[in-house]
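Chain naming follows the written order as A, B, C and D, and within any one chain the residues start at number 1.
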Amino acid sequence: MKQPMDRDVMAMRVAREFQDGDVVNLGIGIPTLASNYIPEGRRVTFHSESGVLGYGGVLDDGEGDIDLINAGGQFVAPLPGMSVFSSADAFAMIRGRHIAVAVLGAFQVSERGDLANWMLPGRGIGNVGGAMDLAAGARRIIVVMEHVTKDGQPRLVRRCTYPLTGLRCVDLVVTDLAVIAVTPQGMELRETAPGYSAADIQAMTEARLTVAKDVREVEL
Amino acid sequence: MKQPMDRDVMAMRVAREFQDGDVVNLGIGIPTLASNYIPEGRRVTFHSESGVLGYGGVLDDGEGDIDLINAGGQFVAPLPGMSVFSSADAFAMIRGRHIAVAVLGAFQVSERGDLANWMLPGRGIGNVGGAMDLAAGARRIIVVMEHVTKDGQPRLVRRCTYPLTGLRCVDLVVTDLAVIAVTPQGMELRETAPGYSAADIQAMTEARLTVAKDVREVEL
Amino acid sequence: MATDRSAARKVFDSFARAVADIPDGAVMMIDGFGGPGGMPSFLIAALRDQGARNLTVIGNTAGLPGFGAKAGQEFITTAVLYENRQVRKTIASFPVPRSPSVMTPFRKAWQAGEVELEVAPQGTLAERIRAGGAGIAAFYTPTSAGTDLAQGKETREFGGRLHVLEHALTADYAFIRAHRADTMGNLTYRGTSRNFNPAMATAARVTIAEVDEIVPAGEIDPEAVVTPGIYVRRIVQRPGAGQ
Amino acid sequence: MATDRSAARKVFDSFARAVADIPDGAVMMIDGFGGPGGMPSFLIAALRDQGARNLTVIGNTAGLPGFGAKAGQEFITTAVLYENRQVRKTIASFPVPRSPSVMTPFRKAWQAGEVELEVAPQGTLAERIRAGGAGIAAFYTPTSAGTDLAQGKETREFGGRLHVLEHALTADYAFIRAHRADTMGNLTYRGTSRNFNPAMATAARVTIAEVDEIVPAGEIDPEAVVTPGIYVRRIVQRPGAGQ
């Protein structure tokens, strides 16, 4: 039976990518969820472009402090060893390649790893926020998104048709249906959601996929 | 009787230039002495490229703290309202034109205000330190130096023959013999040491001097 | 040297007085990150009441309702300046709410063609402001290379990677929201409310700080000063404690 | 999240072990400002003993005897690396003592043609290091425009003023002298001993901090951290208290 991954499973799969000692920047939405699923025994430090390193989980309205937020404006918990700094310093860390992994949402990813996640065409006005800085600066970019649009259009494309955030920057894509690596040779299908064949995935993907020798069902 | 100014008188004359509220950066030697002669009622804050703003006087060896020095490596006293910062931040202040006045020593000053104070020709190796940053960044540059070299050669010249520190940056020169402003029209003699005529000064000056209408003996 | 008399010089007793000289056409740096933390709300309100027009406003957002706030918390953002038609140009990284259906005074003014918008990546915006304060005329950054936001900008390769030339930003006035000031103008902040404030404080001709409390010089540890007093011209204390 | 186990990972128990992997040809950032305050003397001594050669050393000075020190105070500077012939290139703003008659190991090596010297204005040097850590490839500064130190460099006018294009500096290793570290690598400094250390900490692949004391995570106020732990890979405590 075909079983797409839900948001928590996608977040869990993303979190498995975090290595011990990594400093990680999480975008809004599913990326933020990944902080709930850090693998046992790995020490991961969270960075936010709001100007904080080493913060904890998201807090609810009652516990929150307006002076301790993440980039999405959510309240977060202080942790021992935390530090705060200015936006200029926060982005010096990003641009200077000190962030090991950024986890971002996306509208489209091209087969060579171009990322489009900041602006919908035709909307006239876009919020770029820190997206382009993260795309250019994080040492590894993981995109987490639905495999296709609400209309069933592929998001993994040959060339992005939406305005670009960064060129050749995406390293790994985790969707509800698959885990796909961007390699110098193009996109490689590495894992599938339960019940999906490589052919099923390619059928919903405009980008050309090669299939990893050891392609398998996603493991958590 | 001709009476050249001594080091303390030169420092005193320099200090008269400080305006209330000024942030001032003092070079080593006579410039540092100027901090002893701030005119009554004027609040002056001292900045050093060693990374401190709002420090006090020079301390002797016994009282000194190796963690609180000026750019010349002298120990200085803490004052209430002092702040410390990195070299990058110290020079951001300088380059960003936040320093009202820098007082520097010099080998030569040209009639258009070029400054040569970092390297003796033929020595092969020079210590530039923060001199070029101050020359480019301070809003007002006051040079304090002997009027002529030990060999009697003029230091106020048509063109600098020593390696330049900065172009068209000097605003005022205080020597043991005279106070000379650098104006868009060239050098203007404004004050003389007691007993010196304008002709006496010009005779020891290669640069062409105009004489201010109200030229007078230096007042302290 | 610092004297007690200096205290009175930077400390202003009213927000209105602190913003009184801002002329039409001024370039302003204001915003914090978007939420109430780090937002100089009293200074913004005073500028609205003062009425200067044709302003350029440089900030991270252009007024986002509810961002970083407690449920139902009211706070004044630069939105009031758009509402009052005081702004002709905006430079921001996140100008509008995420949802296109949320109307804001800025969005309305932009749709009506009343305000010009320049969108800049957040890190590039912060660095351009820092450069303005630090006397760096322009710099090369990899951010935005190859994207629409680099259109019309000079590019160049360094180490095999495309970079974009970005120019410094400066302002006539910066509005800063800090936690504590001493009478010399030294500032500290609270948590992520620091955000754009320290860079903006360095990049304006006149920097005005809105703070929770003002203490005598010497009360702030020299090691803990975030914005040295050299950058701060005017200080006004917010009414009430804390906020 | 941070756990106690992480403590052991950054904290090294010997200076020798902390510098053991530095290879011949490494680019090093070391120095502080020149005096004993801010000078990572134990790391320098360990590198001398370790013996890596053909080093490039980026620092404010190249070892100035007595600078910023108490009368007769002995302290180890990068001079010992020149004495031991480990350096092939130096980038500095103030390489030699003011008086040409004071011989130093650097001056001797330079006169013998054993070491290459690049002199950089102090503020430009600090900014190039900061740029290296901040992912800025190059920047335009007015400093040195029209002087010998701008020879061979690109220049360009901004706002009617000549600027010089300066390139970022990065290193393989930075030696940092800080006051206090926590186990996450967050650092604080003391007074003017901060100097080049915070910028250098950001610009090296491996940053090693020599500190007076190491405290558990949480002991340093998040507001007072000067170098966030993200920049620090290894921490070693100096023997004895204070210094």
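By definition in this document, a residue touches a chain if its C-beta (ideal position, glycine included) is under 8 Å from a C-beta of that chain, and two chains touch if they have at least 3 such contacts.
Everything numeric here is computed off the predicted structure, so don't read it as measured data.
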Checklist outcome for this item: Ordered by label, the neighbours common to chain A and chain D are C
Checklist entry - Out of B-D and B-C, which chain pair has the most contact pairs? => result B-D
Checklist entry - Between chain B and chain D, what's the gap in Å when you average each chain's C-alpha atoms? => result 29
Next on the checklist: As a quick test, compute the distance in whole Å between the mean CA positions of chain C and chain D.
Outcome noted: 33
Checklist outcome for this item: When centres are defined as mean Cα positions, the distance from chain A to chain B in whole Å is 56
Checklist entry - Between chain B and chain C, what's the gap in Å when you average each chain's C-alpha atoms? => result 35
Item to check | Junction residues of chain C, two or more chains touched | outcome: 127, 130, 134-136, 141-142, 189-191, 222-223, 226
Checklist entry - What residues in chain A touch two or more of the other chains? => result 52, 84-85, 91-92, 94-95, 136-137
Checklist entry - Quick one: do these chains touch in a line, a ring, a star, all-to-all (complete), or other? => result other
Next on the checklist: Per the touch rule above, enumerate the chain pairs that touch, sorted by label.
Outcome noted: A-C, A-D, B-C, B-D, C-D
Checklist outcome for this item: Touching chain D in the complex, chain C uses residues 127, 131, 134-142, 158-159, 161, 163, 167, 188-191, 221-224, 226
Checklist entry - If you look only at chain C, which of its residues touch chain B in the complex? => result 1-3, 5-6, 9, 130, 132-136, 182-184, 186, 202-203, 216-218, 220, 222-223, 225, 228-231
Item to check | chain D partner contacts - residues on chain B that touch it in the complex | outcome: 48-52, 61, 64-69, 73, 84-88, 90-92, 94-95, 119, 123, 125-133, 135-137, 163-167
Checklist outcome for this item: The answer for chain B against chain C in the complex is residues 21, 23, 38, 43-45, 47, 52-54, 56, 78-85, 89, 91-98, 136-137
Item to check | Of all residues in chain D, those that touch chain B in their complex | outcome: 33-38, 60, 64, 67-71, 73, 93-96, 98, 100, 107, 110, 117, 119-124, 126-127, 129-130, 141-149, 162, 189-199, 226
